[in-house]
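Letters A, B, C and D name the chains as they come in the text, with residue numbers starting at 1 for each one.
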């Protein structure tokens, strides 16, 4: 019913373009499924690769009209902006160092941007992109997809409502194992190249997700952090493991651990938050559940759309509890929020207050986080502020 | 990459119609997402409700062209069969008693049918539908969606390969709790009406899924069953709980329990299979994992696309392990198999051997299962055969 | 503190003897630890083996005084009954067929008996033992140890209090895997010999535990059962797998599955109970937790001595929640209850109402259960009553 | 059988005394159960409280002979040392600040000491106690009970054997929730008093366990640590939460988190270790299991005495897999190792190489750990070394 309801709220679909995401990319395909799942977007144009031949092949495979397959994102931005039914929004799913360049072309032409994280590969780039986005009338949505999970919304709502009381402790971790040994396939290759991925390795690729999730769920603001970064695999030029201590304004403390060399961990993002009145625990690999431990009461297992879950989770759900939703549905929820904002923008309005998505400012914080980790680690894990 | 690869293999999309699935239906929306997820189908026509006004509204909400919104499935079948770009396939997602009537109209016109389960509301209807399907050149695919889960494919492949040795014991259970008390909303209403749902309540709605899953995974053939059915909620006209003992040809034994009155169980389909050389355990609420217990070795947790998973699971996966796929993705895999079969049929071919989907014969078995449960229970849980 | 408190309530220890439990026995050692754990018993005499040499060696190894090591339980009963500080209680831990013979010697001399389960190897023996026990002033305690787990007490108390409302469904299962292939070590050997173990294999060894647990926790009385027994391992003379449907007086229904040939199951006794107002789930391999699912509320995880646990669990606990107690502690709780009853009996009193232990009547029910399973299975799983 | 076997190896029991552990103490009772469980010790003397009246009552409740109930540990040491059958060993279970004073009296008289952790309340005391212990012929065993868990022994053996390759990352955490709000009962009271507990709160009470477990399992040596300590509860004089980054010699890195204010965590000690070739994960609340993730193979669940477990775990086990052992059994294993060492010492020998227990040097490391945490935190989480 939720699926139906969503469709009903749209008059018609949003015309979408894509930069990056050619044949052998991973995240581009994910963005396309996410855009398609709830039928709110239709992909009509693409500059899918920096290699012209691959751009053409990839566009054809996706069934794009030949004249809307571009070899170059700038060319695409220019032409689509002039077309009568040109794209209204573009998904940017390139390696990080291209984000600013691509986003700028679309934002300055009033085309909304949905951009993969982290925002950029360098902090100066991030700051530039903030300015560009602020100067544009178009929307900028950062695909920190984990904020789209229903139970993450539930956790955020519970904390905002005061269910945990004053927050004290935040434990977030994001271990993976796919870089335990040296890898040379495409995904691994650019992610471990500082020129394309940025100065952070695991901190950039997954630490930013963890940090963003903490911000999103708790509403806490970071005061400072102390980071100890490692590159365990010989010859690796960026960190593959990071231990970070966190101090928040108001007194809460925390720890963030991200790693890509922890065997047995596939994608084990996990968030635990403790306050004066209770605790919450959530893990990405089992995302339909949220543990709530009210002080001096038994633990409760809150399930997506089950008893105890509220409207914030309900908005992000399609199917009944016990019917697991997963990563793609969570990702699609970012597109769902983007669609709501874009449709409101069509009419010169803001979306309703419940529509939430990561912004360019969240993206800046993420790049600041990477930068702070690198600076702190270079100074023997001294405390540093974002900046 | 799997997502990309899939798209590449298609020349273009399959034109799909739908019967049932109007505004307030649940399973219709699920079918539409499943059809859309991998971009292999495009919904172009519908007879979405038996109430004309609702049919029109529902079709409009889905963006169907006005002339392809029908008030009546027969009218739709007739006209679409004549259109140059008429539908190639139709999804039938009505209450059970309409399945035969609707399917017949399309099958006899050569339009492929994807039909929700159970096959029909009565055994005679099921047998008729088998004949109709056999007489048609069109394909008939039954959406026993749980067979689409990657780890169910993995389990099937392991058993076929002999990893468990000769099978001895099959424990399958499917408890839910949504009918613990009397319910009057639409989903509950027709599912507890024998005229529309059939003689089975929980046996028909979920027991057939459990039974189908056993057949699909083990390849065992049932010899006989003994069933004890209950309707615990006062005034309920169909069973809401069933205990069934199973005897398979070749000597394996099993138990099937399905219930819709077991508080704390959302959709807890679970399958456990034991043979001379090992055991397998899988649960639908955590579907990305399969426990394998080889005799006298430690248990192993096989993950979708993780180490230890094979090509049968790989074919059904879109994203890396640790990134959970769920119910909709599993359902979409049925549509993926249907697409492969339909595309092969376009060229007068059979799909490759790895393409598997539940057929009209599986559907007949399911209705025979319901019928056998009801007969056995009426005879004080005597052993009965399917027939 | 519970440990302290318990000791304080005793004036001194209870003098205990043991029949069976020689060097290479398993359950004898368990009984000794259970008796010792809370310091309420002191083992002072034993007829530890039917082989005199082994009886002597075993007694010496346990530090028994030479004159209280007996070659024969009858001799022990006679002499200990005459000693000034003779044993007050005896633990009988022999193979099943010896239980009646041994128990009779002690009961008729006023020595309390703590007897391993099942009560006897045959139903006539069980009925005789009931008479003997009824005729004796001494107590008879059957070591259905799983009733000693704190969370089992918690479940029983919650059901008695009406937390689940009227009960509808009981699912109990007890799979193991240690007899998946033919075994010839001592434990396996007598347990698969009908002359010593009785007509039931898995039904006797573990099915009786499962059945007893259902009775203990739910208070339901069985109306009839239908059982399908198998001996999967070639040449095995007793069942190694049993599927049993249960009908209780008052309308509740259930299923019992026990198996010793289910690879991957070590000792996976699991109990699930559903009523009109909620559900409870407990598993022996994780015994410090009890899931409670009140209707239309989130599931709660009740922990031993944690919030939500009540006095029935508290009485059976020694250490705080999060400090796991296990099988031996649960077993020791049977000895704790036995001690309370014996100490009350010293003063001609009954123990307080909260003291509960399985009796000879529970033992009779267990043997009737085995007998009923065997009878039903011989009649093609016909419904039979206990008797 | 393991239980039997153990008993067989002893000629007779070891005579034990106890200092502390009066009526309302927690850990004293635990030590007594641990000593009793395997029948290797017999408690014959005690100075159970610093309050004479309570000492007498407590001793009487435990059934000690009146002349062996002492008001004072020095008096006890002096007299017992002269008795023909005086105690051979003493358990010291007082608040931390008494450990040195009490241990000295026994050690200098050749009486073996089993001492609760942390070793002392101050670092100077710890260093003195090391000297005293080194100067004594008697043994000193520190009851870091978590090292007694079979699967911890399994993990240690696997790492020693190289199953994980070179170690890279150690994540250890020990959250509890019992001090989330201010508490005034006895356990809480002295543990939060720096004069009796020492400068560390959670670091001393549980952080030392976590740190010891890391050392025990990995064999890594700490290079330095950086700690951020908090006292979240207003007015609390010692830390109730600690975040600690760890650097080990050889390049491994780690994080330690301990907390007593994390609602929903009862006693959630958890250890995760990652190396070049695999990972291990263990949690105290489910102690009979160890997850092993060999690189590029499925995860394996190793169970106590199950397939895949080795002799190191077997030595510490009493009962078959699936029959859970818990906290008390793990604690008893420390006493088992102590007994083996004491019995060897009786004959002037060393115990066999497989006998392992935490020593006074491990205790010193623990106090150094507390001291380093406090020093580091006072210097804004600067890196400090143990010393």
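As a convention for this text, a residue touches a chain if its C-beta (ideal position, glycine included) is under 8 Å from a C-beta of that chain, and two chains touch if they have at least 3 such contacts.
Remember, it's a predicted structure, so these values are computed and weren't measured experimentally.
Taking shared numbers over all numbers used, the subunit A to subunit D interface scores over half, which places it in the same class.
One of A-B, A-C or A-D repeats the interface of B-D: more than half of the contact pairs, counted by residue number, are shared by A-C. Subunit A and subunit C have centres, each the mean of its CA atoms, that are 55 Å apart.
Centres computed as Cα averages put subunit B at a distance of 44 Å from subunit C. Per-chain Cα centroids separate subunit C from subunit D by 34 Å.
Among the residues of subunit B, those touching two or more other chains are numbered 265, 299, 303, 306.
Interface residues of subunit A facing subunit D in the complex, by the touch rule stated above, are 168-169, 171, 173, 177, 180-181, 226, 228, 230, 232, 241, 243, 245, 247, 253-255, 257, 259, 261-265, 272, 274-279, 281, 291, 293-295, 299, 380-381, 383. Within the complex, the subunit C residues that touch subunit A are 292, 296-303, 306-308. Within the complex formed with subunit A, the subunit B residues making contact are 1-4, 7-8, 12-13, 23-26, 28-30, 32-33, 36-39, 58, 61-63, 176, 178, 265-268, 284-288, 303, 306, 318-329.
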